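Reading through the structure tokens given below for one structure.
Which chain is which? They are A, B and C, in the order written, and residues in each are numbered from 1.
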């Protein structure tokens, strides 16, 4: 892991927004985010619902819903700026160099086509694999995601599979084109608790076997600790803190990250679970200054009026909070 | 699949049974059906008595109902008041003409409704979509007899391009067919368009289409292979049902164009107070539509692996 | 009485119930109508005004001849006169006056038929969904069976069995269209039945009828309104079709449908206004009703959007 130093994905000043009601309402779903991901590295993207995690994933694929638009910024992937590519060039990257795992395994497979058909598509369209070798490839992929007797199961249809199996098949699809990056958008949220861990282990094993980079979206910091090398914490369309897993857990600098860590349930601890007060903000009507100030226990006058800048700490940790500004000054 | 078919068959039969009860009850509730003959010009006392005996009106209601259902099962709807021949032979004489008309109207409704519906959904909120939505709204709002009258007025009377009365010999007699089938297909084009559009939109918004795009499949493959196949199941279901409905609701169009189909027969029965004729055509409509629904359900089962592969 | 008080107290924080809430829904609907698209509302109001003031607006009596039979004489033709702006029909009656009086019959029948169908359909839909069991079986079997007959065919059958007249047509529309309401309302009631405020009302001892019509009814009013607006257009078309086939309102009372029937045998004559004018009236009214219905569907009931 230490040897992989080549940058695979570099997102710079990315802004994306949704426009609704004939342009009268604009929601800034991604509000200027920056992060990098090295080859073979796993990054956790954490935050509450509606903070822009899913939009970020789709933005990497340049596939936002019809009302959404990437306003500015660059997404550098494997040495080329995705924003400069034509639609068809972009399409040939999707599925070949990057794969995605969606949230709901029950809905993400086409009910009318066999597993074979759907797993084969990326390999067929992007890598030109045909005939017998295509079948072998599908079997190999299904085996790698631990589908029992793949030669038989691949002729079946999605409705004949359990949710956990379907999600593993979605994993196989994401690997089918031989990608360098996999984006997993809350892949275990809709799975039974008993098989969540199994799926996470599978993903981590696959990641280590194939050496792909992984962007792992979740709202569960506990999973991040298990899966990831680094973390980016998102709040209201912005990354409020990022750094290595070790640093973020041992020394969270942003009050939001601190609150998230406090709200992880711990075995043996009988104290009431910590709950972050208030609601995640409505992206259409963001608070002034730091968007987190209405819920922040340390909020000051300054937080209400001015947005804090990013402060970098020497070890690659970045935090977007006035407290961090003070800390950097004093420290 | 076998249990699925058996279930469907049972439910179709139940539907037919309830329908026969409704029709039977409505007729009996309105009085002695034989007395409808009173209103039939030239009917005499003994005619009424004979008709009453023929329909078994002196028996108890349950007995009457049983013989009513037995007659339906044998396609026996009695004698027409005005023609004096059996309703069955009248009906089957006219049916081919109705089939011909409905077939062409069906083709027109598919040819207009499906492509426009697909375009409308794929290019949602564009000019195509506006055209599609407007067309669908007009199809729903302009009654087919007005369309028929306008077509006659324009192409028949004013421009004198096309004949507008009756039917000539021959299957491909497009000159006599084009105006009636356009009028009949009008409403159904709008209906097909609406359904194709909404079905396509639903599928295009689904997670699996999202995943297809994330896989980097060419848009053509996404639309033609995945989206069309998924959205076509409801569309084909409606299309098949529409074909049969068109056979039976062509009344107004057949009246405008003097088309000798079963709709025209129904109209004749209606204005001449020929009750057995009306009842026969209506019951046949019910039988035909329930039967088609059953067949379509079974075909649907074969198309959809979710049904095909479960017992 | 005691149970009533309890249930009312408990229900303070629950979704709207009771008669005052029905009026609140009606009030809100009126408020919503103010935002409604102008064109369809304008058309409907215009037709309503014309229908109400028909005797004042119509230049002539609608059922008696004003011109010799051979004269057509619309205002734009040479020799035409403005006292019969759209000309006269084959009995010398003024087409415009017949159109104006026709608005009365068409609108009255369309609205009343749909309202009665609504009352019947909503009632049976609630009973079917809430009572379940045999009630549900019987009612849903009947709606299934009715689906097997197209409205026009069923309407014709009823017209053949019943004797023609204004109220007969309204009755026919009611019998033909109540199932549209019943099916949708039943589905809605099935989910409402499981909601807390209904459970609460049951726990506090409210009777079945009280639960159905005091607690459930107000919550399906929106859906019923949407269904109403979507059915009016179809009902007007069915009325016109029956009149066109000669089994609607008996002549000489004018309806737009029987005016078109009068026009049919005489298409080859020059009197095109006889066909075009009532046809356009039907078309505009139905178009307006459908536009309003579509708009209401989106506005009031997002769940119905894709139906």
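Simple rule for what comes next: a contact is a pair of C-beta atoms (placed from the backbone, for glycine too) under 8 Å apart; a residue touches a chain by one contact, two chains touch by 3 or more.
Here the structure is a predicted model, which is why all the values come from computation and not from measurement.
Undergrad: If every chain is reduced to the average of its C-alpha atoms, which one ends up farthest from subunit C?
TA: Between subunit C and every other chain, the largest centroid distance is to A.
Undergrad: What pair of chains has the most C-beta pairs in contact?
TA: Highest contact count belongs to chains B-C.
Undergrad: Measuring from the mean C-alpha position of subunit A to the mean C-alpha position of subunit B, what distance in angstrom results?
TA: 52
Undergrad: Counting only Cα atoms for the centres, state how far subunit B is from subunit C in Å.
TA: Spacing between the chain centres: roughly 23 Å.
Undergrad: Would you tell me which residues of subunit B are touching subunit C in their complex?
TA: For this pair, the touching residues of subunit B are 11, 14-16, 18-19, 22-23, 26-27, 30, 137-138, 140-143, 145-146, 149-150, 152-153, 156-157, 198, 201-202, 245, 248-249, 251-252, 255-256, 266-267, 269-271, 273, 275, 278-279, 281-282, 285-286, 289-290, 293.
Undergrad: Mind listing the subunit A positions that touch subunit B in their complex?
TA: Residues of subunit A touching subunit B: 61, 63, 66, 91-96, 99-100, 102, 104, 107-113, 121-122, 125-126, 157, 159-160, 170, 173, 176-177.
Undergrad: Which bits of subunit B are touching subunit A when the two form their complex?
TA: Per the stated touch rule, the residues are 124-125, 206-219, 221, 226, 229-230, 304-306, 309.
Undergrad: Considering the complex alone, what residue numbers of subunit C touch subunit B?
TA: It comes out as residues 141-142, 144-146, 148-150, 152-154, 156-162, 233, 237, 240-241, 244-247, 260, 263-264, 267-268, 272, 275-276, 279, 282-283, 286-287, 290-291, 294, 306.
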